[in-house]
């Protein structure tokens, strides 16, 4: 089976990742947990620099990448929001200027992490960059590292991803993290269910890719109520657009159902879920750190 | 006498610090002066990460903490102003969301430093965080590390804090640094004077705590003129709200009076004071770096 | 010949740099190329801290300095735009407050890099700072490190600066980088041509300095068309204000003409120039990193 060599790879989409590739990231992530916790020191990426280009502001994702780099002994530069970048204030995010920006920043850093309001901007950046580019969210398109950390969380909590019933709930076709997750999880042998309001179901193009990955059709339910789909689910991945999940809703779920959410949460996950055993979304944050440390280590060549 | 074990302690208020605890910080600060000056290298906090959550922008305090961490070999992440944080732009600073933020950021860092517009937000953060939290100013409530650096400056300049006549001038009840300073300095055997416009005097609740600490009543003067109170003072701590202190005013003061100010200054300290021997407020900035290095070292366990 | 000792030197203007001084920077820059590329590690500036005070936002210059410091093992603090600084939001950039800011930040760092909207603010900062100050652009006055990286690029591409015909095109008298470049390049034995619209020619004061440096008069052409001046040029340095340079224009140029631009570019350099051998402006970015690493190394004393 094909095995991706992660060295110098861009991470733009999950569509081109095979199960093996992802499992490799998760294996490395497992080994890095003591470093992520600050209990062990690492200089694996000493002298390396990560450049954060956040055209859309972020807390979770940016801090997660910065912490990942710092835990491994590396350094960070970049901008946290458009206002800090001169180019942006001069009307940056047009295609013709992003390439100039990339051809500048690539000279300063070993890897670029970009978040942008525009679909496709990460891929465009990768086309111009001589260093690897990680997509930290491009418009409504993809957010591949979020998908990886979701899957890593499932593996960490459930030991195995294969064989599970996994439900994605919310306005799916406008959620970059739901799209990346669907492309990634469909590489596994899972029972996959999509629940969304009709208007927000995945389009034909995305479904075709997912079906091809799965080898069969996912179940598509259009409704704004979570209830009918979660009764026998092992995992639900929730984003905005459905009737809120709350502790009462979850009483009808399997005891070991886990609830994933990329955060920050809106009303779709009630706060009384936090104290149930189903809530893993805050543990996901730590898993995200481990996942990004693993990616950086693999891409920058500090893991063989 | 009770001796605080600083390891993993939150720093929310000065009210729960004993003289011994503070003196321990100052002793450590003394030993770190060559590292703070950049003359000696330290890797005491290598691999450790500080997370700056500045919901209110700052120069002095944020840079001071970052420099403290860097001088000790550690790293920093976080945000410098609300605009850089996605959560904030979605209406963050409500109680229900601060806890989510804390439960995210605690996964990335070893210690959190938070500045906020809202009284009590640092304490709330500490209640949720599994890592230590330092209050870098919460609304009009407290700014404990500023108080510690003020006291460290007095000790450094005067050798002893006990026995001094110390005057706090300005709009005291709306100043977080004046409140924290009063709670801290009243643990010493000092002659304490509060001068403020009547409307801005410390309230009964604060005065009760201060009296309990002192073991006697502080002198309370309500006036907007500094003059009557500084004649025999050893230390004056000035913030906004009184008639400006200037070189002429200080001619009537003791030769070795020192003037403290948290900066940035407004009109309350005239620029002609800078060239008098009374001005120590710029030296305070360096002392602040040493004080914060000491706190970080103690809390993160690199000092026994 | 006078040889500048770079240790602890401010970098405010190119006017006081001799050819020898600049060549020393370029020699050091040459040796640091493998470190700048991330192929070799360095801890030359471990424990040192650079403070970025960017009152005007920037991408290139700020990230370049941060990367330079990180590649050499040092750390960075500061602010990336005025909004992140408390002082600024309270009406900072008045002369009377900049000195206060400098007397604070100098306590936290080993070197200050300042960009400001106001002419002369870097020099003012240097007057107050006990640590070295680097001017990263002060209003329309100077941008000396940009000039140094331009010259280093010429030396790197052409081996020698002496003997070349060098043309500066654009609105020269309002361009800080053109002014700094003119002061610097005129220390070499070059044939120097200034082309600008009449209204934007260098003033008498600048011309006097340049003539004194050169030992003869530069050629001054007032026009908004680049064409007449580039036919036999070896180097053209382009900024806004002239008819765009494009691939067709350059067909009439010497084969080995190089085009310099400080970036970000406006319409003055058409995108079809990028694929010609004349375009060196993206390579300049990497040279800028090397130049700034050299400056930091020399000033902070890690190169003997």
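Letters A, B and C mark the chains in the order given here, with residues in each chain numbered from 1 onward.
Following the convention adopted for this analysis, a residue touches a chain if its C-beta (ideal position, glycine included) is under 8 Å from a C-beta of that chain, and two chains touch if they have at least 3 such contacts.
Only a predicted model underlies this, so the values are computations on that prediction, with no experimental measurement involved.
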Set of chains adjacent to subunit A and to subunit B: C
Turn needed to bring subunit B onto subunit C - CA fit, degrees, nearest 5: 120
Shared interface numbering between subunit C and subunit A [over half = same, under half = different]: different
Whole-Å gap between the CA centroids of subunit A and subunit C: 40
Touching two or more other chains - residues of subunit A: 75, 80, 83-84
Contact set on subunit B toward subunit C in their complex: 38, 41-42, 56-60, 63-64, 66-67, 70-71, 73, 75-76, 80-81, 83-84, 263-265, 271, 282, 285-286, 288-289
Residues of subunit C that touch subunit B when the two form their complex: 46-49, 51, 75, 77-80, 83-87, 89-90, 96-97, 100-101, 103-105, 107-110
